[in-house]
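Common to both upcoming complexes is chain A, partnered first by chain B, then by chain C.
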Partner chain A sequence: MKLLRRELTKLFAQKRSYVGWGGLLAVPLLITLAFYLNRNNHHHDNGPGGVISLAFHNGLLMPLASVAMLSAFLLPLLASMVGAYQLAGESETGTIKTWLMHSITRGGVLASKWGVAVIYVIIGLALVFVGGLAAGALAFGLHAQPLLSGQTVGVTHWLGLSLVAYLYVLVGVICVLSLALLFATVTNSSLSAAIGALVVFIVMNILGAFSYFDFLKPYLFTSHLDAWQSLLSQPVAWHPIVTGLITFAIYIAALMAAAWFLFRRKDILV
Partner chain B sequence: MSRRSLISVLVVVLAAAALAIGIAASRAQGSTATLPTIAPAQLLARVAAAQQTTKAVSGSVAWSNGLIPGSDLTSLFGGSGAAPTSLTGLLMGGSGRLWIQQGAGLRLESQGSGSDFVLVAGKNGLWSYSSATDSATQYAPPAGAGKPTAGASPSPAATSVNPVSAITKALQHFAATGAVAVSGQTTVAGRQSYVLTVTPTSTTTTFGSLRVAVDGTTFVPLRVQVFARGDTTPTLSAGFTSVSYRSLAGNLFTFTPPAGANVRHTSLPSPQGLMGGAGSQTRPAAQPAPLTLTQARARAAGYGLVLTLPRQDSLPASLPFAGATVAPPARGHGATAILRYGTGFGTVALVESQGVTGASGASANFQQRLAGLPQGLATRTTVAGTPGYEIATALFNVVAWQHGKVTAVAAGMVPQATLQAFVAAVS
Partner chain C sequence: MTMTQDRTDGLAAPPGGAQPVVLATYGLTKSFGDTLAVDHLDLTVRRGDVFGFLGPNGAGKTTTIRMIVGLIYPTSGYATVIDHQVPRDKIEALRHIGGFVEVPAFYGNMSARRNLRLMGGLNSEVDEQRVAEVLDIVGLSERADSKVGDYSHGMKQRLGIANALINSPELIILDEPTSGLDPQGMKDVRELVRELGKDGTTVFLSSHLLHEVEQVCNRAVIINKGRVVIEGPVSELHPQHSSVKLLTSDQGKARDVVAALAGAQQVTIDEGYLVVEASDGTVREMVAELVAAGVGVDAVIPAREQGLEDFFLGLTQSSDVDAGGAAGVAGGAR
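So, the complex of A and B:
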């Protein structure tokens, strides 16, 4: 916990943290502004636009519309950058050597780095949620909303579903973050680690996009990232959500175990 | 250290990938036979009986259509892609959930990325709802009388919609025209199942086989696959990926359009609607006896429809004339003649229909229907100097063209070359 507190102090002291959060907060605000300015030109007949399209009529949907847009690329990008920087960034500046000279375990260092990266993502997602909801409420108001399956639910019910969806997205994004942290244990360049994690993320997406690789889909965490949308049907389809959470948990545990194995043997003098 | 670590990471990633592929391969190999052996006739009887004893079926479903090009492509970053927004969109393949309860109705949810398409057949009729377009549609049966109104009285037709029952009936029907065998056992939706295979007796058809996986305990059909002749992967496939037989809540089968949704009322599309008239006509109460060529020509002429018939000397040997029916003009459409050539699955149907709006009107209708077909499915062609279109798939082939006021469609589960030879004989 002491290590985590120290890491948190560093996190809040770094300007780049606020730049990332600001970027995330800007997304729901920009989406709302764009939707508000385009509200008279939007017609349902334009074709399917998913949750994002529904947000044209109800501010209640803005948090989900925002996270649907972000989870395709920007959120994984930010998660890989923060995950990669935690260790490789310290190597770049040379501070990792100072760190590890103290009487602390490498496992503890790794856990605190992982923990602070997760907290960073949680704060980012909270900003997106609150920012999206506030902007959406101002622009379109908050009304009862039909689910994707046609039944109408109240504002509180929808907010509850949105919160559960955000928690699900958080666990999915932690997979990317853990992947970046693993790469950060084998390279001293945070950029290389972040790019490595993103490359794996994109390759997994490509594999999941073609039916030829259908047999691999259950084992790719990227195939489960959108499963939160099952919450928006009644009765809720829990199976894809539970499957997704189990898959994420296996990935996170395996990646962090590999990261711990490699970090324990890392020669910090190289 | 850095290089060794990198190699370690690569080894871990490769090992994980090999493990995943190994698990997938072992699952794909299917399971060993653990159910008692059963004769095909006995299995068919158990399937028919299960219709009465099974009160409810529900679960996740997936279906695919290899007939339409590109139907299995999904969006790169959108997971399963968008849900369809109309009934015809369901034909492109997809996945979702299905609930069926005897006497209560059916509910199908096609789930896409950020949108659902819901089909509910219950006591308040047949409804569809697309969340993407926030539109609800109430359907009347194709040959039904008049348009339904909001809050219409219970529809017996809607509560009787049941794909599992339809598969059972189709199975009984196909069994009469082919060789039936229990070709093995497999696991579908986690249930040990028999595989019932029907292979057509006709050797001139593109239809290879129909394979139905039947739950070994409940005898409910869980998956249906249609194979084109010579293909090892199914051209059409639909089935449960998880299944439950628990009783279902009745409110699943009622639908109320959300406030503010765009609601419309329409008739179900008819498979014969492509002809622009044949499908809209009321069927006679009893099937009339097939007409001879001379009778068909005379009856059609009586309705003002001049038939263009294939030259007997140019017809492929596998396609002898097998009978005809002629429907009179009805509800704003001209007369329609259906002529059948060949037998069983190797049959080619020649449908000739006359529009009553004049040649220009009929042509516009024909072009509209052509434009409405899924992209890449139909290719333009010329038949005896007149514009037409051709649909070539692994399972069936279609050629449609116009001569004067008459729209002609030749279709069958026969090879493309056979159908082209047939069309050449007609034109």
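So, the complex of A and C:
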């Protein structure tokens, strides 16, 4: 706890943290603005379909529309950057050796770095949620809305669904973050670690896109990232959600175990 | 109030090893691939020592320090700090250590005060007063709230020392603390280290400057290629002889008289002066003998001592050729 509190102090002292959060917050605002400016044009063919197009007339859907857009690239990008920076960034500045010369365990350091990166993503997602909801409410108001399966449900029900969807996306994104942290234990460059994690993320996405590799699909965490959309039917199809969460949990546990194994006895030579 | 002020023994205690061992290494060895950076290093540092850890660049000083503080793992051997074995009990050991390795690194986007609070609190509770105190000791009070990113190299070095002091540790490890400082900065840091020693804090000071170690340390070890070349009290690291120039009424006769003395190692005539390399303390005897032999002594002039730097270079270079041979020479000084 002592360590996590200090990691948070460092996180909030960095300008780059706010740049990332600002970027995330900009997305729901820009989507809302685009929809608002385009509100009289019903032939909107430039936006993705699905949930995003539902948000066209209802501010209530803006949080989900935003996260659907973000989880494709910007969110994994920021997660891998923050995961990589926590450890490799301190190797770059040399502060890791000052830090580790204190009476603290390597495992505790790694856990606190993971924890602060998760908190970073939670704050980012909270900004997107609140920003999207506020902007959407201002532009279009909040109305009851039919689910994908057709039944209309009220505002609180939608908000509840959105919250569960956000939690699901959070766990999925933690996979990317853990991957970046693992790479940060083997390289002293935060850029290399972040790019490494992104490359794996993109390769997994590509593998998931070809039917030839269908047999791999259940084992790639990236294939499960969009499963939250099954929340938007009634009755909710829980199976994909649960499968997704189990897959994420296995990835996170395995990645962090590997990171701990490598970091535990790593020679700090910076 | 602080640990360092409570202990006023240290240097004042009689020499001879009555003080407990604060830091020791036992066969400490580190290889990187085929390169042996530290080779079965045995060191003993006692409470109150200001211990000089001397060696040319690349001798394995920093690698040794990294092993002592648990940043890297020894290939074999171990260190002990107080009673805690490193790497096995390094969490306990690190509670008693303050210091830095190479250049002290801090969070540049935070003030010195904030950095000290952030780091100091990792080992024990640190209050505002203690932070202010250590900043004052290193002379950074006025810039305590500036971002460390704007600090000069010398200020960062001072902050490194402040951070080393903050938990009042038993053992302070400073890795070339004067490197890159201007002469005034060097003087300040050396003075500070000397003060620490007087307070009874044990200081482990690595340096590649022999005169620095001579100024501030009571004991020292010289290492090269990861091995001990010579170890002992700093006064004994000194070459055990000095040279004097003599001007007498009869240089030829004087030469014969002096050469017969046991303490005179080398007698030459240079520019009319009789140059005698003699063991410390033989000058008095030499003059008495000359007078007794009827030679008038006009002048006894202390000549340049054999430079300590030359001595140092001689030791480390000879060990370049044959480390075993140099270790043999060192045996006499132990």
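Going forward, the second predicted complex is superposed on the first by the 263 of 270 C-alpha atoms of A that agree within 3 Å, B and C clash if a C-alpha of one lies under 4 Å from a C-alpha of the other, contacts with A are read in each partner's own complex, and residues count from 1 in each chain.
One rule holds in what follows: a residue touches a chain if its C-beta (ideal position, glycine included) is under 8 Å from a C-beta of that chain, and two chains touch if they have at least 3 such contacts.
Every value quoted in this text rests on a predicted model; they were computed, and no experiment measured them.
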Exercise for the section: Quick one: on chain A, after the overlay, do chain B and chain C clash, or do they fit? Just give me the call. Expected result: fit
Practice task
Return first, second, both or neither, reflecting whether A:A254 touches chain B, chain C, both chains, or no partner chain.
Solution key: first
Exercise for the section: Based on the superposed arrangement, let me know which partner A:M101 touches: chain B (first), chain C (second), both, or neither? Expected result: second
Practice task
Figure out whether A:V242 sits in contact with chain B (first) or chain C (second), or with both, or with neither.
Solution key: neither
Practice task
Would you sort A:K15 into first (chain B), second (chain C), both or neither based on which partner it touches?
Solution key: second
Handout entry: Of chain C and chain B, partner touching more chain A residues
Key = B
Practice task
Please indicate which partner A:R6 is in contact with in the superposed arrangement: first for chain B, second for chain C, both, or neither.
Solution key: second
Exercise for the section: Please indicate which partner A:S233 is in contact with in the superposed arrangement: first for chain B, second for chain C, both, or neither. Expected result: first
Exercise for the section: Using the superposition on chain A described above, determine whether A:T93 touches chain B (first), chain C (second), both, or neither. Expected result: second
Problem - First (chain B), second (chain C), both or neither touched by A:R265 - result: both
Exercise for the section: Report for A:L33: first if it touches chain B alone, second if chain C alone, otherwise both or neither. Expected result: neither
Handout entry: After superposition on chain A, the shortest CA separation from chain B to chain C (Å)
Key = 8
Handout entry: Overlap of chain C and chain B interfaces on chain A (superposed complexes)
Key = 265, 267
Completion exercise
Residue positions on chain C within touch of chain A in the complex are 66, 69-73, 91-92, 94-95, 97, 99-110, 114, 118-119, 121-123, 163
Practice task
Please give the residue numbers of chain B that touch chain A in the complex, ascending.
Solution key: 1-2, 5-6, 8-9, 12, 16, 20-21, 23-25, 28, 60, 64, 72-80, 82-83, 85, 97, 109, 111-116, 118, 129-136, 242, 252, 255-262
Completion exercise
The chain A residues in contact with chain C across the complex are 2-3, 6, 9-10, 13-15, 93-95, 97-105, 265, 267-269
Completion exercise
Per the touch rule, the chain A residues reaching chain B in their complex are 44-45, 47-54, 57, 68, 72-73, 146-152, 182-183, 185-188, 205-206, 208-211, 215-216, 218-219, 223, 225-226, 229-230, 232-233, 235, 237, 239, 254, 258, 261-262, 265-267, 270
